[in-house]
Every structure is written in C-alpha cells, then in structure tokens.
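As structure tokens, here come the structures.
Here subunit A shows up in two complexes: once beside subunit B, once beside subunit C.
Right after this comes the complex of A and B.
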C-alpha cells in the first residue's frame, strides 16, 4: 500500500461533504492497527496505511447507512462493498470509496505461532519482504510471505475493484494464481470421518462470542441473528460442540455465494478456529456449480439471490 | 508467606500428574494459536510460557452450567380418564445438580486467578448465596505462574494487581532459571506442595525477586483510575462521548467472554420432549439481547450504550458498591483479542481527561 499523503489530501478534500471517513490508525502498540473514524480535518493526521491494516472496514457500512460515509478499501475489502451494493444493503450515493492497491496484510496469529507472545513491542519495520519486530530487547526477523494472511497467498484482486478515488498505481497481478489455498488440498486428502473428527475438536473450543459473525461484512442480521433468538428458540444457548457446530454451519450456509473471502471471521476468532477453511470449501462449490465469484461486479446477481428455471450445471432432468 | 520451595522444569509434568489424585486438573494447552484450559492429558500441548487466551473463570463459573434437570412424570391413568381429571396438573420431577467435582487449575496467571475475588462480592453476600459458584470456588484450587514477561496490553498494576499477586491463588510459582520457585498462599496450597518432587528453594529467593522486579519495570508506571468512578457517572448522559468511543466496536462478546471478571449470565430451559434442563450460560452486555425486556422494550439498543455499560460497570458502578475495588484485573485480554483493537484503558483515560468544551 502506497500513497499515504495522496490519500490524506483526497480525504481532506472530500471530508466537508461527508459525516465520517473510515480508515486505520496506529493501535495500542507498533504491531497493531485499529479502525479510525475521521470526523474532523485534524483526525486525518492519524491515518496510516500498510501491512497492519487488516480490518475490513466495509463491516461498518450497513450500520451507517443513513450517513454520508467515506471508506478506505483494499482489493478484498472493495469486494465486500460491491456485494453489499448488489444486495441493496447500502446505497452507493451515500458512499465515497478511496481505493488502494494492497501488497498483503499481516496475520498476527502466524507471528505468535512463530515466536510466541511478544511481550513489550517497541518497534516494527517492514523492508524488502522482511518484517522486523523489536520486542523487549530482542529483534525478531520474519519473512512477510510467511506471516501474511492466507487470503494474500491466493489474492487475485490486490486493487480496489470499485472506487471514487484510486490511490497509487494499480498492480497488474491477475494471472497464474490458483484459487485454491495450499491448506485446502491437504484437508481434502482426509477421509470424511477424519474431517468430522477434526471439526469436532475445533468447534469444541468455540465460546460463541460471535466475533466471527460481527466482524463479517456480509453478516447483516446482527441483532436479529437466528443464533440468539429466544422465540422461537432455534439454537440452544448451551455452549457444546454440537450447538457450536450448528451455529457455524448456519453462518457458512448463509454466506453461500456471498462470501468474499476477506478472512475477517478467522482474524476475529479469539480461539483461532480455521473458519476460512469452511468458507473456501463452500466458495469452491459455488465456483463449480454457478461459475460465480462474489463481490466482483456491482451489477452481478449472487446465485442464491436469484434463480434460473434450469441451472446450467445442475442437470436436474437427468436425475 | 510460607517457605520457598523449588520445582525444577523436569518435575513439572510429574507434579501435574501427581495433582490428579482425586481432582480434575485443568492446564493451559495450545490449540491452533489459542491457549485454552483443558483437562490434563499425557499427549496435550502444555503451554506454560504464554498467557492463556481465555481466563480460567470457566473453572468456577462455567460457560454452560446445568442448574437442575426436570422431567414430566407420567400421569397415572385413572378410571374415567379425561373427564374427571381435567384439572390435574402434570407432575414435574426436579433434580438439583450442585457441583461436587474437585478441580485444580495449574498454570493460571495471577490476573486470571484474581478474577473470582470480584465474583465473590456478588455471589456470596449476606442476602444472596449462589450455591453453584460457591461450591465450585471452594472445590477449585489455583496454582498460578507469576508473570515474567508482561505484554503491551497488560496493566495489572493499575487496577490493584501485580505480576506475582496472590489474590485468588493457592500456590504461586515464580519462573527462574531451570524451574519455578513455589510458595503456598493457602493451607490447601501448602498441601499441594507436600510433594517429594519439590526441593528447598531458599537459595533462589533473590533470583525470584529479581524476576518480579524486572516484570514491574516492564509494566512501567501504573495508571491512576480512581477518578473514573465519578467521571464515568458525569459522562453517563453524554451520548456524543460514547458514540465516539464505541465507533469501532463491532458488538461481539469476545471482551466479556475472555474476561476473568465478567460474571453476567443468562438462564434458559432447554427441553426435548417431556424432559430438559435449566442451564446457566455466560451472557454479554455487548449483545442487544442482554437488556431485551419481555415487553419488547430495550433500554440499550445502540452499541454506544452497551460499551458504556461494560466500562462503567468495571470502573464506576462496581467500585461504588464494593469498597472502590475496580472490577478489572488488567490482564488485557479484551484489548489483545478485540477484533477492532478497542482499548479499555484509552476509554477510561479519555473519560478521566474529558473536558466539556461547551461549559
């Protein structure tokens, strides 16, 4: 991501017409960014862009739909904006998009997996594909390609796909990238019994905090979610593996043909449950059956939000 | 405090296995990147150096707890079935399920073990005694590991704790070269340390002290949150302030569920056919449903109202009712695991420093 000064200038220019512009600022230490809500010109100074800006800010848009909102987006984030527009959950007239070219964002879990808890983080430097984290008196050097989010490994859309202002120079990387992540092939080698045993173990530690749901830009039911309704009481409040699994399955199924694979569910999960594995498997099915990818074309129709009398790839009459 | 003993690294596993006699032993294990408490198993990935992702409160206040089970007793058929018995109520058989299991938590941090001291003021008062919490608390021992490497999100010393705070622990272990200096905090803790696996640790007292001193230095100066009690009340009706503070909050329950001191619950009857159970589960004030009333009215419909409650409860309402004790252990889980990096310290500081520009 480049062009911070250009971005600041563009935001300052647009701010008088907007209620708020959502970007990122430095969080509580050098390794953490946090969403920034710019309401006054002086707030713009706090803006940052870069590999720490993982949060998909489109998550906030449905909650601000009666406001004039500016939003800074990476390629994957812009797909969520497009999907929300397709579903008429937000109104483009109210939104000003500042599009970026993204070079990947950091997955803090991967960093912790490599070097454990970091203690007091003093400084973080990104240089030539290497991230150097100074924690306490120690310098930890890691390859960026090993600690970026999984979605960045297979990213075909580094540039914002929809924007009012594009910042920097677009990346022309598009070809030669496999849609399947390497970990999916490993998973698919497992027998169905082993897969189920794997998920039972993973789901047993879900605390049903609903961070995955609330971080998801496409999970727009929010306060009316089926998981917490009391009348009817669809899902038990019991926090056991079966009920956790039921909730997570509902979450995935409600995203069929809508999930843009931004990875926010998995990033938000405090229990590090590999939720993107479920999402990618489901998206693979959508690609195979409907030849569709969510959040690419603002005029497109998500396959389960419409119907064809005869689907091209579902040979019903031959059954 | 009692005499100092030494538990060398190689003896940790045998010591944990020794604890298991008659007790369930919960230990921090690594699953994915998360560190969670699980019953000890020989093949578990024990993780004693990182702070557990989730607090150990599940041991004394479980995520799901069955309060009682019930079933409808079959109604005996009588002569002239149906006609004369139409007023008869079906009989319900209730079975209370009080906790009896003995548990020891090995590897909690002082900030996590301290959490239950906040619960006690609410669940064990003159008027109200919660037999479920009290039963579990009295049946659960905590062997805590003092904190040698605080993180950027740690602030225990600002809320009355410390890297080797003993509140709520039965044994405190201080990590030193080659093992842990062990000290009993309670009589039950002293019994746990009767094991032959421990040797004298008197010669390592200085080293242990230096570890804690280093930890204190890393934590830096403590913040003074004492005026938050009044400032948060003053700001109660300042919607703009709370609107700003909560802008990035996504209203999930991560902060409250990982928190060692959040003690709110929900009660539901989960039935299947003619039998079922009444369960108590963790609830979160960050949820819209938390304050949904039977009439359909909800006094806290916005996330601003809900975040105000979380911060206000910990730093103002609870201290006002309970001898100025802040209902926070400073473990920083709500900051570190928040998907939006909401920082409760910053909110409290902003409230303390708030000046009304219109006045």
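Right after this comes the complex of A and C.
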C-alpha cells in the first residue's frame, strides 16, 4: 500500500461533502492498527495505510446506510462493498470509495504463534519481505509471507475493484493464482470421520461470543439474527457443541454465494477457530455449481438470491 | 392442547404390515395426546363420524390421522375436523401407508416407524395455529391453449355456458392434427366434414376470441385472476384487411416452400393459407422461403393484394389477457421417424409416415386423394405398414403405447383397398390394441373383408431393390423370417409430447412426466385437473389419446371451469408466506427469489423498508422463507418452529453435551 499523502489529500478534498471517512490509525502499540473515523480535517493526520491495516472497514457501511460515508478499501474490502451494493444493503450515492492497491496484511495470530506474546511492541518495520518487530530491546525478524493472512496467499484482487479515487499504481499480478488454499487440500485428504472429529473438537471450543458474526460485513441482520431468537427457535443459548456447530453452519449457509473471503470472522475469533476453512469450502461449492464469485461485479446477482427453474449445473432430471 | 390420534388400518393396506393397535397405544404417551384409537377406514363415513364424536366427547383441540398420503384425503379429514367445530388447520396427517406399510415388510420395524411418524405429526400439531381463508373475486373468462379438437370442444362448451373464451393457437389455423386426417376410425367418416362445422362455430361464436399464430409468453396471477401475456407472431399480413381470397398464393413466385400442413409431401407458396377450410382463413408469409426476406426483393403479393394487406415490416406483438381459469389442450407431436434408420426412414422417399399417408389419401391433399408414391408418382400395389414406430420401444426412450396407431393403421389399410382395389396391404404388428367401442370389429373387418395381411413380428430392415423396397422381418407366429416386396412403406409413428410442452408447463407451473406429457392431479379421480389450481388439461397433452377421448376431455375440462365459475368468489389458501415486520430488515432478498412476484416492497409508518406478501399470488412454495437470513418471512402452517419441532421429535441430539 502506497500513496498515504495522496490519500490524505484526496480525503481532505472530499471531506466537506461527507459525514465521515473511515480509514485506519495506529493502535495501542506499533503492531496494532485500529479503525479511524475521520470527521474533522485534523483527524486526517492520524491516518495510516500498510500491512497492519487488516480490518475490513466495509463492515461499518450497512450501519451508516443513511450517512454520507467515505471509505478506504483494499482489493478484498472492495469486494465486500460490491456485495453490499448488489444486495441493496447500502446506497452507492452515499458512498465515496478510496481504493488502494494492497500487498498483503498481517495475521497477528500467526505472529503470536511464532514469537509468543511480547507485551508492548515498540517498533515494527517492513522491508523487502521481512518484518522486524521490536519489543523491549529485542528485534524479531519474520518472513512476511509466513505471517500474512491466508487470504493474501491466494489473492487475485490486490487492487480495489470499485472506487471513486484510486491511490497509487494498480498491481497487475492476477493471473495463475489458484483459488484453493494449500490448507484446503490438506484438509480434503482427511477421511470423513477425521473431518467430523476435527470439527467436533473445533466447535466444542467455540464460546458463542458472536465476534465472527459481528465482524462479518455480510452479517447484516444484527439484532434480528436467528442465533438469538426464540421465534424461530433454531438454536438454544446453551453453549454446547451441537448448538455451536449449528450456529456456525447457519452463518456459513447464510454466506453462500455472498462470502467475499475477507477473513474478518477468523481474525475476530478469540478462540482461533479455522472459520475460513468452512467458508472456502462453501465458496468452492459455489464456484463448482454456479460458476460464481462473490463481490466482483456490482451488477451481478448472488446465485441463491435469484430464482431459476433449472440450474445449468444441477442435473435435476438425470437422477 | 388436547390432541386425538386416529390410526387407520386401511383394511389390510396398513394393518397388514403395521400393528395399528400398538401405534395407537404408543401415541397415548405423547405430550398433549389425550385420546387415541385405531379404526378400520378413517376416511369412511363411520370413520369420520368417529373422529367428530371423539372431538366432542374428549374436548379435543387438534386431530392427528395416521393413514395414507395427504394428497387425496387431507381435504377429507380437514372437512371432518371443521364439521367437528375445530379450525381445519388444527389437523395433521401421518402417512403410514405410502411411507410405511407399502414400502416395508418387517412388521416390527414398520410399527416403530409408524409410531415415529405419528409423534412427528403430534409435535407439529402442538405448534399449529388456526388459519382463516380469505375470499376474492373471480374473473369469469377462460383461456384455452391449443386449437385442436380438444381445445375446440372445450371452447365451444365454455362459450355455450356463457363464458368469455380466449382461444390461443400456435399455428395460423385451428383444427390441429384432426384437420390433417382423411377419415376417422371406426366409422370412416370424413375428418374435415365432422370437424369443419365445429371450427366454423368457433369463428362465429361471439363469446370466443381467437388468437392464432400466437403463443403463451408469460402467466402471472393465480386461480380466478390469471394475467396472461400472449405473443402474436408476425404474419406479415394484416388480418384485419385479408379476405382470404388466395390471389397472393396464385402469384407468389416461391412455389417450392415447405408445406407444413401436408407434412412436406407437397410444396406450397411462401405466402399461403394452409388448407382450404382454415379458420381463420387468412394468409401468412413464411419468411424462410419468401424472396422478399431471403433475397430482399420481390413483393409481388403486396402489389397483387386487392386489400393492400401485406406488411413486410410487421413485428411480433405482446397482448395481455386476464382470465380466471386455463385449459391446456396443446396436443401431441409425432415421433421423428428418422430415428429408425433400419427402416430407411428419411433415406428412401417411399418410406413415409402415417400422417404423410393421410395427406396422400386426402382429397384436399397434394395428390387430390390419389395415392401416388413420392419417388415416381406411381400407384403402389403392395403397401407395408409397420407398427410401433416410436411406441413400446425402450431403445428410443418411448416405452409407452401410443394407443391409436393400431386403429389408424387398420383404417389406412381399409382405405387403401377402397382407393386401389387391386392393392395388397401388409401390417407388421406387435399386438393389436383395439379396446374402444366398435374398434375390434373394425380391425376384424379389415382382415376379413379387406384382406389386410397381419404379420406378427418386428421388421429388421427395409432396403431397396430396383424400384421396390424389401421389408424383411420376423413372423413370430409362424416362427419364420419373412420378406415382403413393397411399393410403399408406411411407418405408424407414435405420439410424443408436443414440441415446447415442458417449457409451457414451467410457464403454467404444472407438472409433467419424463416424456413431457402433463400430469393430471390424480390418475383416476382427477384426470383433467392439474395440481395448480385453475389449470385444467384436455386431450393428448396429458397422454396419447384418440379423438373421442380428446373431445370427452375437452368437455370435461369445460365442465370443471363452469363449475369453478359457478361461484362469484373463491377462498384463498391461507398457507402462504407471512412477514413478521418487526424482524424484517427490508433487504428484499425474498423479492428477488420469489418465482411468482408475490412479494412487494413497502414502507412502514416510520419509513423503514419492509417486505409484504400478496396473499392471493403467493403459492406457498417457501423459497422466500429459506432465503430470508433472519427468518422474518414464514410460511404459514410450515413455519420454521413447526418444522423444527418435527425434526427434533425425530432426531434427538446425537452429540454429547460439552
């Protein structure tokens, strides 16, 4: 991500017309970024962009539906904006998009796994594929490719797909990237029994904090979520494996053909449950059956949100 | 809640493999069940009376009947429950016949399964709510699709009953397949002489609006209030002006156009009236052959037409018709005989279809009724008829009997003898099927009085030697091979569903079978109804049928429509989707998925976007319900909670508590 000064200028230019511009700022230490809500010109100074800016800010958009909102997006974030536009959950007239080219963002869980919890991080430097993290007096050097988000490994859309202002030079790397992540192939080698045991273990750890749901840009039901209602009473509030699993399956099913694989659910999960594995498997099914990828074309329609008498790839009459 | 459970023996149909008493006893332990009993025939008069008395005696507030498929008797029992003073939706049916006794032999397993199904039904009933139907007005007009003999009969009967009829026909003239026939079995009366007057009646009846050369584009709405979009295809002739004088046909230079009416046996002009008795008698330009369209210049017809009716710029037009009921009489098409390469079909000019033979025999046909073989125009002496071409043959995916081929072949053999007294006809057949009134006598007459030679066996191949065709086949009765030297071979092609029939079925939202024939609501008791309210079937679109059966069904369908329209208002089915506005977030995913356009976007009094179901259009398919992420839209009588209660009754949690 480059062009911070250019971005600041563009935002300052657009701000008088907008209620708020959402970007990122430095968080409580050098390794953490946090969302920034720019309302006044002086707020712009706190804006940062870079590999720490993992948050998909599009999650805030449906809640600000009637406001004039500016938003800074990476390629993957822009897919969420497109999906929300497709579903008429937000109004394009109210939104100004500042598009970036992205080179990948960090996965703090991966860093924590590699170097442990270091307390206050003083300094973080990214240089030619190496991230140097300074805590106390010690420097820790890690390869960026090993600590970035899984989605960055298979990223086909580094550039914002939809924007009003594009900052920097678009990246033309797009071709030859397989949509399947390496961990999916490993998972698929497991027997059905092993997979069942795997998920049973993972789901037993879920604490039903709903952080995955709250972070998801596509979870727009908010106070009306089926997870917390008695009519209909799909799941109880009891925190047991079956109900946890049911909740996670409902979340995935509701994302069928809509999930843009931004990875916010997994990033938000305090229990580090591999939620993206479920979503990638579902998206693979959608690709196979409907030849559809979510959040690419603002005019497109998610396949499960349309009615067609006979689907091309579902041979209903050949059973 | 006080639930009563009634377990039906259905004679021995259920009791034969299910211990009904045990099922009834087990049901006593289910929550809220206060009464249970087993009965010989729950649907019989005493069976229904027993239910009504039990409701009163035990103050029941809901009833479960464990018996057969709800398809037939759910309405029966709902009426009984209503007579007992309950809301008719406080009733559930457990299907322990089709789902249990007829599919399993082990009595113990069957009994357990039946108990489970009763438990599911009782659990659902505990969450059922009374539903009330609403009333709405009927538009007393009827649409009839297809102007063959079945559609004509239905149109005339409806019109006689005082209804306004809209008759839509795909080709330029009504008459259908019957108009092409020379004579009809078993009376050998002239087909166009008996059909012609009916066609004229259609044209002259003030209650009938005729749209020919038109197709159904779209069907919206519901029983009582359908909105139909009809595509009137461009004929390039202004029919308001065309008098049917035929002058254009005399002068048209494209004389080698394919003659659809004569099955390609002769040729016609690019602008043509298909046959002299056509209704309406109007000309149409076949753009595939017209020089104005293929070469860009000509226009002779436009110059010659005395009323200046020719319009080369004419475009397809969509018109809207509002009706309350639909009769589908789209008929059938003939099997493509070219699939039988071993008979030389499509390869040798003197191997023709039975319908082509009809046109050869017809006085209004291309040979003015003289049988001349297509290759050299000579009169054939030996004629071989091969039966079951595209019928009763799994290898071409036509395992069914077309029903009428045996009879029309017998007729054609008899007529051949009338036309050419020194001819000899041979018929290769599998079985002779002649179960109609006077049908078998007719076949016998052909054999005994007209000397038709019947050979029981299939034909292996047909090949030419000189100007003859050698038909080689088996004579299974004699146990020998036979070869017949033929001048002409007529293939008795079977019936298949009309071209485009499945697509039309999808438009009409009616079901069809693997072969594209439309499904009746019940094979014995509802032969002209479909499972879509207000849509009826007549004629061969439902399955191959001869003329009397088609006419009978045309009248039957008309009677159904007249009965439907005898009321001024209909009751709507309350089993429709309902939006819980408090939960709806106005994302309108339901609007996108609804196949019927039954959901509209509204604003509540605070200006929030909400969805609303138009009850009369909703068909209760439930697509919106599964699409809604927050389950704000629920199908009444099949709500998430009702279905979940069924699932939970059947599947206790299999996962240990963590």
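Here is the rule we use: the second predicted complex is superposed on the first by the 315 of 319 C-alpha atoms of A that agree within 3 Å, B and C clash if a C-alpha of one lies under 4 Å from a C-alpha of the other, contacts with A are read in each partner's own complex, and residues count from 1 in each chain.
As a working rule, contacts are C-beta pairs under 8 Å (C-beta built on N, C-alpha and C of every residue); 3 or more make two chains touch, one makes a residue touch a chain.
Model, not experiment: these values are computed from the prediction.
*Asks:* Do subunit B and subunit C fit side by side on subunit A after the overlay, or clash?
*Replies:* After superposition on subunit A, subunit B vs subunit C: fit, no clash.
*Asks:* So in the superposed three-chain picture, is A:33 touching just subunit B, just subunit C, both, or none of them (first/second/both/neither)?
*Replies:* The answer is first: A:33 touches subunit B but not subunit C.
*Asks:* Looking at A:228, would you say it contacts subunit B, subunit C, both, or neither? Reply first, second, both or neither.
*Replies:* first
*Asks:* Report for A:46: first if it touches subunit B alone, second if subunit C alone, otherwise both or neither.
*Replies:* neither
*Asks:* Touching A:59, do we find subunit B (first), subunit C (second), both, or neither?
*Replies:* The first partner, subunit B, only.
*Asks:* Looking at A:307 after the superposition, I want to know if it touches subunit B, subunit C, both of them or none. Which is it: first, second, both, neither?
*Replies:* second
*Asks:* Tell me which partner A:67 touches in the superposition: subunit B (first), subunit C (second), both or neither.
*Replies:* neither
*Asks:* Thinking of the overlay built on chain A, is A:220 touched by subunit B (first), by subunit C (second), by both, or by neither?
*Replies:* A:220 sits against subunit C, while subunit B stays out of touch.
*Asks:* Considering only the touch criterion stated at the top, classify A:240 as touching first (subunit B), second (subunit C), both, or neither.
*Replies:* Both partners, subunit B and subunit C.
*Asks:* State whether subunit B or subunit C is in contact with more residues of subunit A in the superposed arrangement.
*Replies:* B
*Asks:* Closest pair of CA atoms, one in subunit B and one in subunit C, after superposing: how far apart in Å?
*Replies:* For subunit B and subunit C in the superposition, the minimum C-alpha gap reads 7 Å.
*Asks:* State which residues of subunit A lie in both footprints, the one left by subunit B and the one left by subunit C.
*Replies:* Shared contact residues on subunit A: 222, 233, 239-240.
*Asks:* Residue numbers of subunit A touching subunit B in their complex, please.
*Replies:* 20, 27-29, 32-37, 55, 59-60, 109-110, 112-113, 116-121, 136, 201-202, 205, 207-211, 213-215, 222-223, 228, 230, 233, 236-240, 264, 267-268, 270-274
*Asks:* In the complex of these two chains, what residues of subunit B are touching subunit A?
*Replies:* Where subunit B meets subunit A, its residues are 31-34, 36, 49-51, 53-54, 63-64, 149-153, 218, 244, 247-248, 250-254, 256-258, 266, 268, 270, 279, 281-282, 284, 287-289, 292, 335, 337, 339-343, 345-346.
*Asks:* Flag every residue of subunit A that touches subunit C in the complex, lowest number first.
*Replies:* 87-89, 200, 204, 220-222, 224-226, 229, 231-234, 239-242, 244-245, 254, 301, 304-307, 309, 317
*Asks:* Per the contact definition, I'd like the list of subunit C residues that touch subunit A in the complex.
*Replies:* 506, 514, 580, 583, 585, 587-589, 592-595, 623, 627, 629-632, 634, 639-641, 644, 653, 655-658
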